[in-house]
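Multiple structures are listed underneath, in structure tokens.
Below are two complexes that have chain A in common, paired first with chain B and then with chain C.
Entry: the complex of A and B
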């Protein structure tokens, strides 16, 4: 673990990505203390104010206000909470499903493996966004439903990677040796195989953070997903689209944040992959 | 060869049957009564029953599935509720716009990304290599619909060079195609860079150089073809993904394709239409992948042995 961190700090780009992710995570956990104003308070007199405008109460709207006079910076900060929460939830649930399926499928082989592989082929036939959109529209808008839908549409990526790394070590001598000593199947799977598949698993998870944050924003942008009462980056972009010609600042900042978060997760994933698999 | 094609065909059919079952079940897990969702709140009992009969929801579930498969075989995907037309007709009306968009997006991605990736590999660790790597990373991380909005703001609203949206003139396709292409462009550039680097290290390239061939001949005659192979595989797979990615791009640019139809159907809660769109995109994906695999096996016989 310590060696891993040492190597990671040598990859400057991965480290930058990691630090930015931690930074956004901290913002998301401390929203009520960080947001300068209430993100829900509407004030028609203050609508569409450009960035750096000071309002009548002496507070500055650093990033301007939206079409209902709400402070863009405060909404941006609150939006980070939902993006992070959904991405973390979906990576956790989808990752857990993918990890278990990949382990079982790779280790047992035979018909169990065939069934799971055909299931993955079937799901892969549907474009990711189309499937997510359809499922959210059927289940209805809520944070929990978005987490469930994104988990169910993304578990495949983990399962495929975990399965192939199980296959690559399943026939190695140390596994044979453990089997010869009479260790149970479950113990071999979790005590001896699991530690070896965790690295590729974590790499996939960090790329998935980027994919899922953008997927969540796409759902909110189309008015599905998280209920519209919540400030999300995707919903802010949808507002921004309507007022693009008069108030460019509504659409710019949430998009920039999405890009920076996705880029950090990708940088981190790239660096991690290089460290774990020098090949 | 025939055995390989037969095996792949059989696999595709199994996947298709499973995918159609998934699409069928999707419509059945709607909490509550799908009919109530689709009719207005003050619909009479008679209207509700009529709708239920029309959709076959009064029959047992296995009977519904069999009817659904039977209709699918003759390309009858039911009727759109919000537009009152056969789904298949609507899909065929919107398909050409999407195919046009996907085609030009793929052309843009390939034409820009392949030279860029090769250039970065040849100039490894130079300033230009870093620029290409950073651009590729940006392209993979930017939400494409946001990029599309920014392009509209900059090129259409601010400078007035290109139209914001529309369909029919060649200038209408540039912004949506580029927006849709950006992710694939970045992906192909990165893959092309790494596969060119792999090939550059091979013995036969060293031999070619030792013979005294000029570098430009080595790169274009010896390296290019072999570095292209992994890229072609991915282009095949990514074409399917573009069909999904087109949903949000078409929405931004009001492009009259399948993606636009999808968003409208979802907003209107037109479930039979959504179901048809889901199943048609699965069929398109399965057919594309079957064709790519067969073309591959024809080109490279080792694939048949491996499978």
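Entry: the complex of A and C
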């Protein structure tokens, strides 16, 4: 663990990504204290105020207001909560499914492997967005449903990576040595194979964070994500699109945050891969 | 109990020595099916081990030599049931190993262990040495935690390592030390039979002799029986009581070590022996080398008759048509050749 952080701090870009992610995470967990105004309060008189405008009550709208007079900064801060929550939830559930499927499929081989792999091929044949849209329209839009939908569309990436890592080590002699002592299959799988597939798994997960935050935004942008009253970066982007020429700040700030978070997650993932896989 | 073919039974009786052996292998076959085409039509099979019979007495070492791909590692893995034999019988202490269920097999596995060729791939890089050496004890629930710890320390000392090494990880050790760790692991359950699958091929020559000596010391001390698989004829000569020479999935010659090295009867054995360099340049120039022509035939499409005839300097039409029987030509000297 100590070595891990030493290695990570040597990689500047990864460290920057890591720090930014921590920063966003802190913001997300401290929203009620950080948000200067109520993100849900509408005020038609104060609509489309540019950034840095002071309103009649003496509060400054640092990032302006949107078309319903809601404070953009407050919505941005609240939005981080939902974006992070959805990404973390989907990585957790999708990762768990993918890890188990990958381990079982890779280790047992045979027909079990074939069934899972054909399933994955089938799902890969559908465009990701189309699949998510179909599932959301069936399940209805709520935060939990979005998490479920994103998990079910993203488990494939983990399953494929984990399966191939299992295949690469299951024929090594140390596995045979363990079998020769009479260790059960389950113990071999969890004690000997799992630790070896964790590093590629973590790397995939870190990249998935970026993908999933953007996926959630895409769904919200299309109006199929979380309920429209909830502030999310994707929904803010969608709202702001119509006012791009008059009030650029509505769309630009959530867009900027999305880009920064996705980039940080990717940088951190790159660094993680280097640290965990010295080859 | 599988149905026995009369000839097989006969052979098994002939192979039985005076006292009953610790390990008896009877017409063992291992074919790997080749799959091809859309619906996995069977496209023949690789006959890695194709009808092998031998016995090993308790406390002895049987060396198995042969070139790469002749099936010697497959043979070792089949004997300790890391792979399922296609057919044939393996008797351990008179008990049929071939049809044991998972639970019984686990029990017998305490008696037979394996040491691998590659000291880098055979230790789990993510575990500490104490966990690697202690795993067999943990799996079989031998003793208390403290007793296991004592046993692990004792094993480390036996293989020439120190107890303080136990908290380290495999990458902190050299190849020879890693092989010692592999040996300690194999010894942990007090096995009787150890399959040594090229245990020194990946090591430096100086380290090779240390590991070989260690194996011999351990054999004397614990009365171990070895099945020593190697392609290195001089190493095999040093450690073995008897030697079996394999070619393309079959044993072509089996005899006491000195007989093999002094009076090799099979042309393949003779060719192998003539390839050992002699440390005397005059002698090296004078002696006759038998250089085999061509490559080893594919184990999928085996040659007709004697499978060595494509490369044999003595081959005749008879060899091409009829497969020679593996028989005892002299006392304790088994050969499969029409002319040997």
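Here is the rule we use: the second predicted complex is superposed on the first by the 277 of 279 C-alpha atoms of A that agree within 3 Å, B and C clash if a C-alpha of one lies under 4 Å from a C-alpha of the other, contacts with A are read in each partner's own complex, and residues count from 1 in each chain.
Simple rule for what comes next: contacts are C-beta pairs under 8 Å (C-beta built on N, C-alpha and C of every residue); 3 or more make two chains touch, one makes a residue touch a chain.
These figures come from a predicted structure and were not determined experimentally.
Student: Chain B versus chain C on the shared chain A, clash or fit?
Tutor: They fit side by side.
Student: Using the superposition described at the top, determine whether chain B or chain C touches more residues of chain A.
Tutor: Per-residue touch count on chain A favours B.
Student: Touching A:178, do we find chain B (first), chain C (second), both, or neither?
Tutor: second
Student: Look at A:221 in the shared chain and tell me whether it touches chain B only, chain C only, both, or neither; answer first, second, both or neither.
Tutor: Only chain B; A:221 stays clear of chain C.
Student: Contact-wise, after the overlay, does A:144 reach chain B, chain C, both or neither (first, second, both, neither)?
Tutor: Neither partner.
Student: I'd like to know which partner A:26 touches here: chain B for first, chain C for second, both or neither.
Tutor: Neither: A:26 stays clear of chain B and chain C.
Student: Give one of first, second, both or neither to describe whether A:52 is in contact with chain B, with chain C, with both, or with none.
Tutor: Touch partners of A:52: none, neither chain B nor chain C.
Student: For A:192, decide between first (touching chain B), second (touching chain C), both and neither.
Tutor: second
Student: Would you sort A:41 into first (chain B), second (chain C), both or neither based on which partner it touches?
Tutor: neither
Student: Once you lay one complex on the other using chain A, what is the shortest C-alpha distance from chain B to chain C, in Å?
Tutor: Chain B and chain C, overlaid via chain A, are at closest 5 Å apart by C-alpha.
Student: So which bits of chain A does chain B touch that chain C touches too?
Tutor: Touching chain B and chain C on chain A: no residues.
Student: Residue numbers of chain B touching chain A in their complex, please.
Tutor: Per the stated touch rule, the residues are 11, 14-16, 18-19, 22-23, 26-27, 29-31, 137-138, 140-143, 145-147, 149-150, 152-153, 157, 240-241, 243-245, 247-248, 251-252, 262-263, 266-267, 269, 271, 274, 277-278, 281-282, 285-286.
Student: So in the complex, the part of chain C that touches chain A is made up of which residues?
Tutor: Touching chain A from chain C are residues 77, 80, 82, 105-107, 109-110, 112-114, 116-118, 121-127, 135-136, 139-140, 182, 185, 189.
Student: Which part of chain A faces chain B closely enough to touch in the complex?
Tutor: 118-119, 121-131, 133-135, 137-140, 210, 214, 217-218, 221-224, 237, 240-241, 244-245, 248, 251-252, 254-255, 258-259, 262-263, 266-267
Student: Can you check the complex and tell me which residues of chain A touch chain C?
Tutor: Going by the criterion above, the answer is residues 172-174, 176-184, 187, 192, 195-196.
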